[in-house]
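First chain written, first letter: the chains are A, B, C, D, E, F and G, and each begins at residue 1.
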């Protein structure tokens, strides 16, 4: 970025001369500063996975919130500003509850993702607040069909077979484009997600350094326990048992 | 644009010395940054069509929202800021619903387009928010007569036989001016719309890269399914079956 | 204008050291940027006429709103920012309706013009919004007497025998001052209005490029149909049948 | 004025280091930009008179509002920003009506002028709006005694035997100080007022170019018809029958 | 004052680095710009007196408000911005009325002065408005004891035997300190007040150029009529019968 | 202070890069500009004392408010902006009254001081207002035990055996640290307080130039009358009978 | 930090071009300016400890609030802006009370810490206020299990075995990482906490200079009395009996 955006980037209520919203673009940078998260749609369900940045071995890695349950059959994985993500997930939860009161059945992924996105958009048009510095991947099973949506800081929703948000998301997306197979089962989806997270820097992980969740028609939203994560990482040659913090 | 607009373009609540509203002009630039959309009024109904920018083969092209149903007999195609378009279409839907409760009959295109435009105008006169960075083409059939309206970021409505908004809209409009025939049928209208979208850069499209909707007196609002789009593109020599993402 | 107004022209809530309101003056420039409109008071009624800027032959010239009916016996012709004009005309319509509910008789031109002007003034004294970038000519018949009022962006109302607003209004006013005759009939008033619009650049018009409305005691508010406009232009040697868009 | 007021003159909510309110001083300049108005207190009643700036012979001079009736026995003549004056007079009218509902008798001049002045003061202390760019002379008869009050843009009321506001008010005041006689009758007061308006530039007027009103115990508020104005100007050698617009 | 206060003096909501509130200091300058007023506490009651600036012999000097009655037994004399003073006195009147409704007895001077001061303080702490550019001397008799309070633009109340506010208040205070005698009677107090007003420039006054009020236990609030003022000035050798305006 | 705080010190709603709140620090400077006040906790009760700045012998020194009674058993002595102190003491009084309505017993010192401090904090976090430029010492007897609390402009409460606020508070505190004895009786506490006030500049005082209050279990809040202050000063060799104003 | 953040750090409502929120980072600096606090999770309960900065031997060290009881079984230790901490703890107390009214059982640590964090986040997204310049360690026992959470100025919650906030927190954390043992008992936890506070500068403490609290399943929230702190410091060789203030 050059200096010529000066003055047009001091708030959400002005366009630049070339029609850009710099504050939204800077919020995208805030997402890029976060650790990476991926989502993968498989025949058996949706996989949500993320790297965790654990600052100290004394920190409880599980408390680094990347995975968020929104409903029995709905999960979110986030990237970017963690506190913003909490607020946005709270909005999602309230939306699901309100929807359930109205229609008395589970809210599908697509309308939820769109309501979240519309809420995000409001912070890009009026002054007095900044955009959300966070992106979400919303995964769920609607009418037996796995669905994966992304919401970005501009408030635009989009559906994906497999998606990456946060740091190095470009490289991870390229990896997913090369390796994704629509007919894979859930377990392969977990493997793909972990391999994708490791791809940009050939990383290895302790179980605590990754979070993995799945949403299936049968079991709804589930998080993968530490042992399962260790086994999966080990089988993929991605386990770094010595380094990093212990998972609780 | 030169530097002399500095200071007069920092908000919607000031005029420049020569009576211009720079923020509205910048919002027009935001529309130009979007992919192109066209509308064509034919004897048989209104055609709405757009190019879709699909960032990755893993993305579900259908989730790139350009076409929006507003009512049984009313559709919108948008260009520019996608999140802004969603919000404006939501306003249109609420307007139609409120109108129906009052008059107990379908809302015609013209008053809807004007209510949307008036809502857009409010964001160009008061401070504290930016204008909408989006333009809409509203198509419908009123009393059996196809009608096509445009709303722009200034909040000015206008009616067209055939119109283009978004990127390269100038070149597409020239193409439409040269090729438009008022007595064409709906199918020819679809062909004209696709050819117009391809005109600026002699593009070819996968079916997923275009969205096509129609509004007719008989069938109301319809979207053209993937196969029909493939057939239409193929017949026009515009099909690029290899490239681009798969439509769902 | 020189540079010394810098800082005093950034809002409506400050005077310049010499007691000027620059934002109001800039709003007058916005009116000048619009195409010209004229009003003529004749023995038989009031004539309202305007040039229309039609961007494309595919555009429906009639949708370029210059003429606005406000009540059975009240019409407005506008110049300047078209979206602002719509909003101001909407205010006028609501004022007329409210007045009718109170007094159960048609609202005269003068009080309506003054209420509109007072509404416009509010946007010149408080911060947070810009003035209206539009001027109106309000024409009507009150107690059998034709009346023509102008409202400008400062919120000052004034009555005229014949008036011009918008682009080249100075030259058109000079033409009207030279040619106006108070005892002319309505038809001569239409001719004078069309000639005045053509005067600055010896223009010729297609019927679609001009809008003409009349308000008479007998017939109330009427718009001149395309054929009548063609005939009138033809008789005046101002018809340009080949160029420009078709009127609907 | 020098440049050292920069920064202290951008709003009503700050004092300059020497305790001045520049925006109020600039509002006084806005009054000076207006055409001149005078008020004269005579034994027989109060005279209010003003020059009118008529931009075109097609303009109805009577619609250039300088004189405003506020109540049966109360009139106002204004100078400065015409739209601001309308708003302030509207405030005066509402004040008089509210007062009448409370006390069931005509409101005297002094309390009315003070309520208007207090309203004006509010626009000089809080931010978000500019001061009124207008001054008023309020004339009336209270308990049989003619009273003349001035309100200025600072919100300070003052009573006068004869006063001038608007352009060249300094020279006109000097003329009034030299020529005023407290025992003059109403007719002499009209003559004095017209001569005072003509004094700065030895002007002559068409009847349309001056407005004259009187308030007497017997007849309340009256405006001088065109013929009376012509006769008065003629008798004073101030008639310019050829030039200027016709009065309606 | 030097330039180093720049930026810290643009509003009431910021302190300067050395803990000063420049806007309050500038408001004190506004008081100094006003003509001088004095108050004197005597054994027989409180004297309030002021110089009046009369701009023209045509002006009614009595309408230059320096003296204000607040209640039967309470008076105020002001200095500084006259319109601000009117507003503050109005606040005092409402306070007295509200207090009387609550306690059913006259409000003493001290609590009134403190309520006024607290109201003034509010305009020195929050943004969006400027401080009051006026100081008041509140005089009255409480339980038979004459009391004199000052309120300044910072909102600090203080009690005095004799006080001066407005232009040249420093010199007048020195005169009062030298000449004040606590056991003087009311008449001597009037003389002291007039001499103090004349002291800085050895001025002489027409009766119209001074305002004098007294508050005593027997007679409550009274203003000194023109003849009494003339006699008092004459006896003190301060009468300037030729110059200045006539009192009404 | 150097220039590098520029821009970070213009409001309470921003931190400087090193985490400081300059406006709060400037408010502390405002406290330092005030005359000094001290509080001393003794076995017999709390002593509150202050120097008074009396501008003129005509001023009633007692009206220079440093001591404030808050409840029967609660007193406050203030330093800094006097008008701010009045407002804060008013808040304290309302807090005590509300607390009494709820609990029907006297409010202890500690919770009162903390409520005051929390109120002060609010003015340091949100924009639109400046912090309080005043510090308080709150003294009282709770359950028979003397308690002394300080509240500063940041809103931090702290308890002290003996404390100093206002001008020269550093030197006074050093004096108190050297001379304070926890087992002293009330009278010795008064002496210590007066000696501490005199310490920085070896000052002597007229009785009017100091204010002294005490709070004891037996007598609650009391102020020391003029004679007692004279005797105390005399006994300490601090009496300046000739200079300064007379106490009322 | 370099100068290139200028302009992006003046409020919470804008991102910098690289997606940072400078005001949140500056608020972290405000925490670093505070004295250090630590929390240690042991088998027997949670230990909260802090250094106290006592400005004077006359100050009551206990009134320097670092430890705050929130509920029977919940304590908080804070670092940074003390007044901000008070406000945040007050929010925590209200949250606990509201939660108890709803669920009729003690609120667990995790949801409380998250509600506090979400409240903190709100001050980082909207303009008009600054972030909280304080961090908290929330300790408690939930279902018999000791839990320790941190909330930082960004509004991100995190769980720890042992954590440090405030000045020198980096060095203290390193000490804790080296010395922490998950199976230590409560007493060892107190020792570890005190040693950690002393580690950065090999400090010794008077009992008054440290605050220690514990939360256990058996006894709930307790503060360590002065004698116990003296004994603990003495046993660790960290006692500085001569220096510093006396604890009350």
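The rule is simple: a contact is a pair of C-beta atoms (placed from the backbone, for glycine too) under 8 Å apart; a residue touches a chain by one contact, two chains touch by 3 or more.
Just so we're on the same page, UniProt names per chain: A, B, C, D, E, F, G = Proteasome subunit alpha.
Keep in mind that what you see is a predicted model, and the values were worked out from it rather than measured.
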Q: Tell me which chains count as touching both subunit A (Proteasome subunit alpha) and subunit B (Proteasome subunit alpha).
A: none
Q: Please give the intersection of the contact partners of subunit A (Proteasome subunit alpha) with those of subunit F (Proteasome subunit alpha).
A: G
Q) If subunit B (Proteasome subunit alpha) and subunit E (Proteasome subunit alpha) share one sequence, what is the angle of the rotation that overlays their CA atoms, in steps of 5 degrees? A) 155
Q) If you average the CA atoms of subunit C (Proteasome subunit alpha) and of subunit D (Proteasome subunit alpha), how many Å lie between those two points? A) 31
Q: Just give me the whole-number Å value for how far the CA centre of subunit A (Proteasome subunit alpha) lies from that of subunit E (Proteasome subunit alpha).
A: 69
Q.
For subunit C (Proteasome subunit alpha), give me the residues that contact two or more of the other chains.
A. 12, 127-128
Q | Of all residues in subunit F (Proteasome subunit alpha), those that touch subunit E (Proteasome subunit alpha) in their complex | A | 1, 5-6, 9-12, 22-23, 26-33, 56-60, 62-65, 81-84, 86-87, 90, 123, 127-133
Q) What does subunit D (Proteasome subunit alpha) use to touch subunit E (Proteasome subunit alpha) in their complex? A) 7, 12-21, 114, 117-118, 120-122, 124-128, 149, 154-163, 173, 176-177, 180
